[in-house]
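So, here's a batch of structures to check.
First chain A sits with chain B, and in the next complex the same chain sits with chain C.
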Partner chain A sequence: MKRQRVAAVLAGAAAVLLPVFVRSQFALDMAILTLFYVGLTAAWNLVTFSGRLSLGHAAFFGLGAYTATLLFVRAGIPPVIGAAVAVVVSLLGGLLMVLVMVRLRGPFFTLASIAFAEVLQLVATHWRSLTDGSVGLHIPFRPGWQNLTFTSKEPYYYIALALAVLSVWLGHRLYHSSTGYFLRAASSDEEACQALGVNIKRAQAAALLWSAGMTGLLGVFYAYFIYVIEPTTFFSMELFSLQPALNGIIGGVGTVWGPVLGALVMTPLGEYLRTFLGAMQQGLHFLVYGLVLLVIVRVLPGGFMSIITGVRARNDDRGSGANERGRSYTAAS
Partner chain B sequence: MFELTLQAIVSGLLVGGVYALMAAGLNLIFGVVRIINFAHGDLMMVAMYAVYWLFTLSGIDPYVAVLVVAPALFLLGVFLQRVVIRPIQGSSPLMIIFATVAVSLVLQNLALMLFQGDFRSVQTSYSIAVLDAGPVLVSVPRLIAFAASILLFAGLFLFLRYTYVGKALRAVAENRTVARLMGIRVERIYLLAFGLGSALAGIAGVLMMPFASAYPTVGTIYTLLAFVVVVLGGLGSMEGTVVAGLAVGLIETLTGTFISPAVKEIAYFGLFIVILLIRPQGFFGLGKGTEEVGLK
Partner chain C sequence: MTIGARARTKGGAPTLPLLELHALTKAFRGLVAVQDVNAVLESGEIVGLIGPNGAGKTTLFNLISGLHRPTQGRILLDGREITALPPYARSLLGIGRTFQIVRPFAMTVLENVMVPILARDGNPTRAKDAAQEILELVALDRAANERPENLTLAMRKRLEVARALATRPKLLLLDEVLAGLNPTEVEQQLPLIRVLRDKGITVLMIEHIVDAVMSVCDRVLVMDQGHLIADGSPGEVVRNPAVIQAYLGEEVPGA
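And now, the complex of A and B:
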């Protein structure tokens, strides 16, 4: 336990000091993107505690990004207030998804989530009077804290770090709360859980809403990070629905730290492939994701996380509980 | 106004026939193997590219290409079942979703790597041929696609109903344990079902190619479309799939004609969500084994 705490403090210090030592703009960009995906994956992961797989989180991402950007561009409302409104709008989108979730499981929830994001993308594309359609909206470049626009990368880095920490912290809190226990119990047997008097639908709704709100907030961050917002990017199934899901599954679905690990490993790898080989070979980035996922499904259903928990279980196999736990991650997924 | 409506109805029914054929493959795989294949539309994409290259490189007509493409897709389906699905069959439904999503990603991005993101279409002599049938104009390739789909459906029904193998397929769909006890080699039936389902997706791709374009992500929309049809018609129900395919085609052209082309996709995805919410078992009853893939 103590060793873990020391490791956490060291990792935190390294994360805070990173921009001081890393002067390369490319490396800093990569770090920002990685932290952004850690946040996004951890936010996506909240829904998986209830054993459901969403491939439609781009919906919340786009809702958040569009709300804040529209408020700023069309009404001059500063992004700090815009972000708050954006979270509310993402939560409203989350409420719609809750209606779907309480009725559907397995592949049908997944399909409905894809359809939900697709519908929103189509609406954003065709509602030209509001969103300027596929032309997109530009966030005017007026540097300053009040506009969340900066001339250097460092502030973005610290915002991304804060959002990532917030997102992982939400996951940690939820996982160890009574709601989290309800969700994990329900993911193995929903009926038994309800028979014991647990209001499982409320727990599921709570997890989805936290997830939607956090994803919307990250959407706002990303809009201000790249200044331009248009439907095919911000409602992109590949970038904001699939990629967090893949990071999460590869890292270890249903755990708190697995998805973090997945995002930390896969984002730099993906960016590296995209930047250095992407020019020659478009598609290589997601091809690698697909192949890694195929291997994971086949040989390591618990993801990267099950390697760590497996090793830990072997190191202190006198504590018989640890081994059980290592196995239950696999079962929960 | 009347002619416009009639035109929309005819076009809708024609395209709906192909949707039904594509969805039939998905439904067959679901009914027999009990998995939801998220890569179904991508199999169709593979077939579309195959037609494109056969036509562009060696001038083989799309309708002739089906003789190569359908068996190739059958083999691809068998391969996927044997290598990807069989080892994890029986694990959680979530794992199987991951596996087919991974297949979809691999196929899409291989296509992107090999052929870039361009839209590719074949220009045959009959691509824009039109039949003047009184008040309506009928596109020749669409009519061929519809007729071929209906013929294939008839063949599929006869095959499932009267042949030994067809009966074995239905037996496994009905109850795999009893089927195994009766001496049916269930693992082989799975391979066959996945192969047939993929071949049907492939044929649908071939039939669409004279009037549609191939691009790497074309499958995503057709996967969703196939699910709309299957869910609307009822999982496991072939008759339902035919009716639902035609219905989805009609909805598409009617909303496209009378509201706006932009609305047609919103219409069927919206419809999909609404149907899942109010009647997830579809309109032709709940197929057996839906609980195995995670639906109540």
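And now, the complex of A and C:
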């Protein structure tokens, strides 16, 4: 326990001090992207506590990004207020997905979630009077905190760090709350869970709404980080639906820290491969990335977290508690 | 047809039955699994529910616990209509159940028992203590931190009961908690059912082990092909010609 706390403090200090020592713009960019994906994966992961797999989180991401950007570009509303409205709009999107979730299970929910994001992408592309369609919207470059626009990378880094911490903290709180117990129980058996008095639909709705709101907030951050928003990027299935899911599965779904590990490993890996192999031969980086994925999934089907929990279980077995099997029932006599 | 169902009195004043089933019918497309079942459970009774395979026993449990909506008929708990309530609401009102095939959650034994407690009081620390107490009651306390898949079947059945007990039920539906156990294990499990009686919990149990039913039940309901065909004391029921026919078939004349 103590060692964990020390490790957390060291990791926190390293994260805070990183921009002081890392001067390379490429490295800093990658750190920002990595933290961004830690946040996004942790937010996506909330839905998996109850065994649901969403491949439509780009919907909330795009809703958040578009809401804040439209408010700023069209009405001059500052991004801080825009972000609050963006979260509300993402939550409304979340409510729509809740309606789907309580009716569909397993792969049917997953397919519906994909369709949900794709439909929103089409709306953003074709509602030109509002969104300028595929031309997209540009956030005017007026540096300053009030516009969330900066001339250096460091502020973006700290905002990404804060959002990542917030997202992981949400997951930690949810996991250890009563709702977290309900969700984990429901991932084994929703019917048995309900028979025990658990209003599982409410718990699942809560998890999805937290997830949607946090994802929308990250959408706002990303819009201000890259200045230009257009439908194919901001409702991108590959970038904001599949990538968090991939990170999460590689790290270990249904855990708090697995998806964090997944994002920490997979984001830099993907970026390095794209930068260094992408120039060599088109598609080569995808090949290598794919091979790495295959190996990880084959060797560690439970994700990175299964290494940690596996070690812990073995340590526990050496103590007491493991020898209690087969004890006969005697209490009532 | 209403069989049995005499409203008993306590201290002279008539008391409301705990559970009333009125003309309960459940059809799955063409197949009628439960047909026109009327029954009453009084508070504190231990009632057996027996019948050949496919008689509709588990379907009746699913109707009472809310997993299925009846095609027709009404269900009353403490005189209150619960026919349209979802399963979790019925659990909160005091209907607990176990499943024939144990359905533990992929979490520790202690956490399994915490889930129903948390559904009533959301504080994990208090829930942990309360769950520990219930595990002691079913002699699983020393396996609290085990995963259910590491337990014996008998222990997993007790976990199933522990989880149902943690819902603080007025009425507990036990679906074959003795099935699949060897005779020694059955002997060890029976005291648990008497503990339920001592706690004032009304029990409706599906069981195939006739000795067990005879030794713990006050009353027995018999179902066959969706119908309730008998309702009476264990002694009466085993002599009932309709019951014998349901189990053994009709006598062939001249054979």
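Just so we're on the same page, the second predicted complex is superposed on the first by the 294 of 333 C-alpha atoms of A that agree within 3 Å, B and C clash if a C-alpha of one lies under 4 Å from a C-alpha of the other, contacts with A are read in each partner's own complex, and residues count from 1 in each chain.
To be clear about the criterion, contacts are C-beta pairs under 8 Å (C-beta built on N, C-alpha and C of every residue); 3 or more make two chains touch, one makes a residue touch a chain.
Keep in mind the model is a prediction, meaning the values are calculated, not measured.
> Quick check on the superposed pair: does A:Asn147 touch chain B, chain C, both, or neither? Answer first, second, both or neither.
The answer is neither, since A:Asn147 touches no partner chain.
> Comparing chain C with chain B, which touches more residues belonging to chain A?
After superposition, B is the partner touching more of chain A.
> So in the superposed three-chain picture, is A:Ser178 touching just chain B, just chain C, both, or none of them (first/second/both/neither)?
In the superposed model, A:Ser178 contacts chain C only, not chain B.
> Look at A:Leu293 in the shared chain and tell me whether it touches chain B only, chain C only, both, or neither; answer first, second, both or neither.
first
> In the overlaid three-chain picture, which partner chain does A:Leu284 touch, first (chain B) or second (chain C), both, or neither?
In the superposed model, A:Leu284 contacts chain B only, not chain C.
> Which residues form the common part of the chain A surface touched by chain B and by chain C?
Looking at chain A, the two contact sets intersect at 333.
> Show me the residue ranges of chain A that touch chain C in the complex, using the header's touch definition.
Residue positions touching the partner: 176-178, 181-182, 184-185, 187-189, 191-200, 316, 321-322, 324-333.
> Which residues of chain A touch chain B once you look at their complex with the stated criterion?
Counting only chain A, the residues touching chain B are 51, 53, 55, 99-100, 103-108, 110-112, 114-116, 118-119, 122-123, 125-126, 237, 242, 245-246, 249, 253, 281-287, 289-291, 293-294, 296-298, 301, 333.
> Can you check the complex and tell me which residues of chain C touch chain A?
Interface residues on the chain C side: 65-67, 86-89, 91-92, 96-97, 99, 103-107, 111-112, 114-116, 118-120, 122-124, 127, 136-139, 142-143, 145-146, 150-152, 154-155, 158, 163-164, 166-167, 185, 188-189, 191-192, 194-195.
> Applying the document's contact rule, which stretches of chain B touch chain A when the two form their complex?
Those in contact with chain A are residues 36, 38, 84, 87-88, 91-95, 97-99, 101-106, 108-113, 116-117, 216, 220, 224, 227, 231, 260, 262-263, 265-266, 269-270, 272-273, 276-277, 280, 293-296.
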